[in-house]
Amino acid sequence: MIETPSLVDQYCHGVLRTELGLGTFEAQLTPTEGPPAPGTTLFDTQTGFAVRRWCPPLLGLEPHCPPASYLARRRELGVVEAGRRLLRGSGITAYLVDTGLPGDLTGPTELGVAGDADAHEIVRLEQLAEQVADTSGTVECFLANLAESVHAAAAHAVAFTSVAGVRHGLALAPEPPGPGEVRGAAGRWLGARRVGEALSDPVLLRHLLWIAVASGRPLQLHAGLAAPGPRTDPVLLIDFVRATAGLGTDLVLLHGYPYHRHAAHLAGVFPHVYADCGAALVRTGARAATVLAELLELAPFGKILFSSGARGLPELHVVGAQLFREALGRVLGTWVAEGAWSLDDAQRVAGLIASGNAGRVYSLD
Amino acid sequence: MIETPSLVDQYCHGVLRTELGLGTFEAQLTPTEGPPAPGTTLFDTQTGFAVRRWCPPLLGLEPHCPPASYLARRRELGVVEAGRRLLRGSGITAYLVDTGLPGDLTGPTELGVAGDADAHEIVRLEQLAEQVADTSGTVECFLANLAESVHAAAAHAVAFTSVAGVRHGLALAPEPPGPGEVRGAAGRWLGARRVGEALSDPVLLRHLLWIAVASGRPLQLHAGLAAPGPRTDPVLLIDFVRATAGLGTDLVLLHGYPYHRHAAHLAGVFPHVYADCGAALVRTGARAATVLAELLELAPFGKILFSSGARGLPELHVVGAQLFREALGRVLGTWVAEGAWSLDDAQRVAGLIASGNAGRVYSLD
Amino acid sequence: MIETPSLVDQYCHGVLRTELGLGTFEAQLTPTEGPPAPGTTLFDTQTGFAVRRWCPPLLGLEPHCPPASYLARRRELGVVEAGRRLLRGSGITAYLVDTGLPGDLTGPTELGVAGDADAHEIVRLEQLAEQVADTSGTVECFLANLAESVHAAAAHAVAFTSVAGVRHGLALAPEPPGPGEVRGAAGRWLGARRVGEALSDPVLLRHLLWIAVASGRPLQLHAGLAAPGPRTDPVLLIDFVRATAGLGTDLVLLHGYPYHRHAAHLAGVFPHVYADCGAALVRTGARAATVLAELLELAPFGKILFSSGARGLPELHVVGAQLFREALGRVLGTWVAEGAWSLDDAQRVAGLIASGNAGRVYSLD
């Protein structure tokens, strides 16, 4: 009943270029710290079951077929052709791709071509800073290059993204650090650092966030599912949210689950805050409709953005899109059937969340 | 099937006396820090959709009609007549009104007359203290007047309410501050304060809470939806709850969402703690049945109190009452249909939450 | 449709040996700090309603009969015969019994005989330490006896359990305390302590946890419902979870509600972490299916364990088992009906959660 012909995936990654076996595929299904416990498999998760539901038919198999049969068919087609069929079967019409992850992943252009869709780049701030650090000799040089790199990235990227919440926690001091503080932190970090080492200094993380805010590009902040722990509750951002209000830069709270109601609350109170409904649906599978409905409690309907949060496997783009479409249709359809919403409103809101809001926030064509 | 003939709104405010246009009406729908984001409207929220569902029929229009048509009809009737029709259509039989907000709002008596219902006053502690401060010359005078004012208010008000959680956070030191500490804090506050300035000193907030506890009147504490942020989780009250156990004063946790399960947990463990199910339903609209059901998980059925939390717009009283009635009927009706509850029990519990518990806690008639 | 012929209750206590009246029975229904509020009864809770739904038929009465009729029938049969009928009616085939509570409760063997089921002991670390303290003269003697007692318990118990989260909070320093630190804390505790006094020193609590981890037996940690307050959120364990990863000892997070989604998140990310779905169902009654479904969002299906969490009343073992079976059948059955899961998968997962996972984690038969 509720239709979403256009689907903008406002946060995802590319897909792996290598052929995968049962074990290497399983390891990509969901982020873990270590291999599955003895006697268990990551296929026995909501994500695993959702992949088995939605993906086999796109490769000519029955839904819920055993993982080994699916992987055999996937290898038979080859990673490129399987990826093409999966991405084109997802119904996603535009990808916003975070390019800041290591590994042999396709970039935005390659992903767009494979999926016959538009593609845009999201620049990850911490990776940018690490690259700049790898090639800058002095503190002054590092800081100048950093500012220039962010400025240059803002010219072609549709958004910035930050994992400051994962690296340090979201309860960062809200104000921009002073120049002396930044130089001191940069000196200590550059002095002690080996090439390739990750950035987790809170002063530099804050400095990065504020350079990004100054660029005017939407800033996506990883929260919730990004890492288990009390530090990733998006509500901890409250002071940063207050400090950035009225500056003209939008904040997008990524995959806030299990704190998605907190993300929705912030999106409801602050004009420049938006909430992502992505990875949470992929991770909760058969429960996607409920999780989406919880986000729809406090978040204004103009403030919610679809994404898949997919990484590595095109199967996750498929599952993200299919679960979203089904969940949205079920939730809004039920409210229409109960008389709580009109069908016109439901159809309009579906379009906003599927693509309209993203088009407006990221100025897509 | 489940009926609630009597409905005590245990926490609300008065309604605006001025005529409202589309923009001024929209601004009252839900509390925000700033105007709607460009390209969005606060009508596109659960509250906005709930108002469009329930209110137009009370003014002779179709449900879900466009906001502009609704506002035109509202102005045609005039703010007084529209208010009368809405309030009388809500089915609320008694209002407990927090009179501590600024703005041209009707008081309890005027609200009761308009709605053909009983009405009682709730006194807001911080506003009382600010009024006393405006008229007290010395610290000793301020503290004596404060004690006397709370004492006098306890004689006519049915409850006190406090926004200490919004002003400072709910993790206040649990014990009453000592007399020297209070005098010191009062001296600092009175010395630095301009007339009308809000009270947020934690020592004075605690002092106020303990004067109110001593009065024996139920004490309503704002939590959850009152302000986004980690400081309003009602579970932070745990030490204050322990410190006030057995003193004979009831604590009512207001609009705990998104921490309503925490509020329900406290209500389940501590005899003197009660949980409000009000503003959360108005804010979550089509999701009200689920939110109410979540509160019904741990809170004993004799510890849950209906409210609308409405402020400014009589539409919010209507929506609070209609969503509550529908949600309660659906949740309890489903449990009866599944055999989990008996119909007699369901009917009895509905009466408790709708009005019975409030009647007992606030000693109404 | 979904069947669970075998049910391992992975965490419960024994039942009271004394006859109970209406008031003494009511007091056992749910843990509270104080008697019911005036005008309320603990029978008016989800647990009370669930007991009245499921237990009267096992004693030959109608579901939902009045509490007084039920208690009269219970006394007529006698506590032993009523307990036999109830436990055997629960469908539980094995009990894992925490023996560390005071009171006249049946032990594992007696519970197993009454219920015609297997029974195993879980040893409570804090009670073990308190018993050792009662009989040890010096610090050196206490510490040596403690290590020996834990070692001896590991030979016959299937698991250890700790209430460190209730006594001190789960945000304990993650690393094992050093020997000098432990000796100092033991000296202070033994010096100040009266016989029978509870252990709440954070250094000794950590020392106990690490002795238990070294034993290799699964370690059950009380969280969530164990006590209201911000200190029992299982996500606070994140650093302890990281510190114990890869050591070969499993951690089982008990009754995480209202933080069960956080427990599931940890179980999803860390191979050695498991999530209990027990007491939460008993406490939320008619809402059990939703609470179980929330746990099934992030927790891999090989990481979830059934329990009743029952204590004192065999009625609670019955309610734990019946609510679980019904909730599991409804949740998984719905997903099969929607096409999200295959029936084979659903049946297999049901078996894992009901008994298979517990059999593997606790090496039962």
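In this document, chain identifiers A, B and C correspond to the written order of the chains, with residue numbering beginning at 1 in each.
Just so we're on the same page, contacts are C-beta pairs under 8 Å (C-beta built on N, C-alpha and C of every residue); 3 or more make two chains touch, one makes a residue touch a chain.
As the structure is a computational prediction, the values presented were derived from the model and not from experiment.
Undergrad: At the chain A/chain C interface, shared numbers over all numbers used: above half (same) or below half (different)?
TA: The interface is built from different residue numbers on each side, given that under half of them are used by both copies.
Undergrad: Could you work out how far chain A has to rotate to sit on chain B, using CA atoms and steps of 5 degrees?
TA: 120
Undergrad: For chain A versus chain C, what separation do you get between their C-alpha means, in angstrom?
TA: The computed centroid separation for chain A versus chain C comes out at 37 Å.
Undergrad: Of all the residues in chain B, which ones touch at least 2 other chains?
TA: Not one residue of chain B touches more than one other chain, so the list is empty.
Undergrad: Could you list, by residue number, the parts of chain C that touch chain A in their complex?
TA: Residue list for chain C touching chain A: 233, 235-236, 238, 242, 245-246, 250, 261-262, 265-266, 268-272, 293-294, 296-298, 300-303, 335, 338-342, 344-345, 349, 352, 360.
Undergrad: Tell me, which parts of chain C touch chain B in their complex?
TA: Of all residues in chain C, those touching chain B are 30-42, 44-46, 49-50, 53, 63-64, 225, 228-230, 257-258, 283-287, 290-291.
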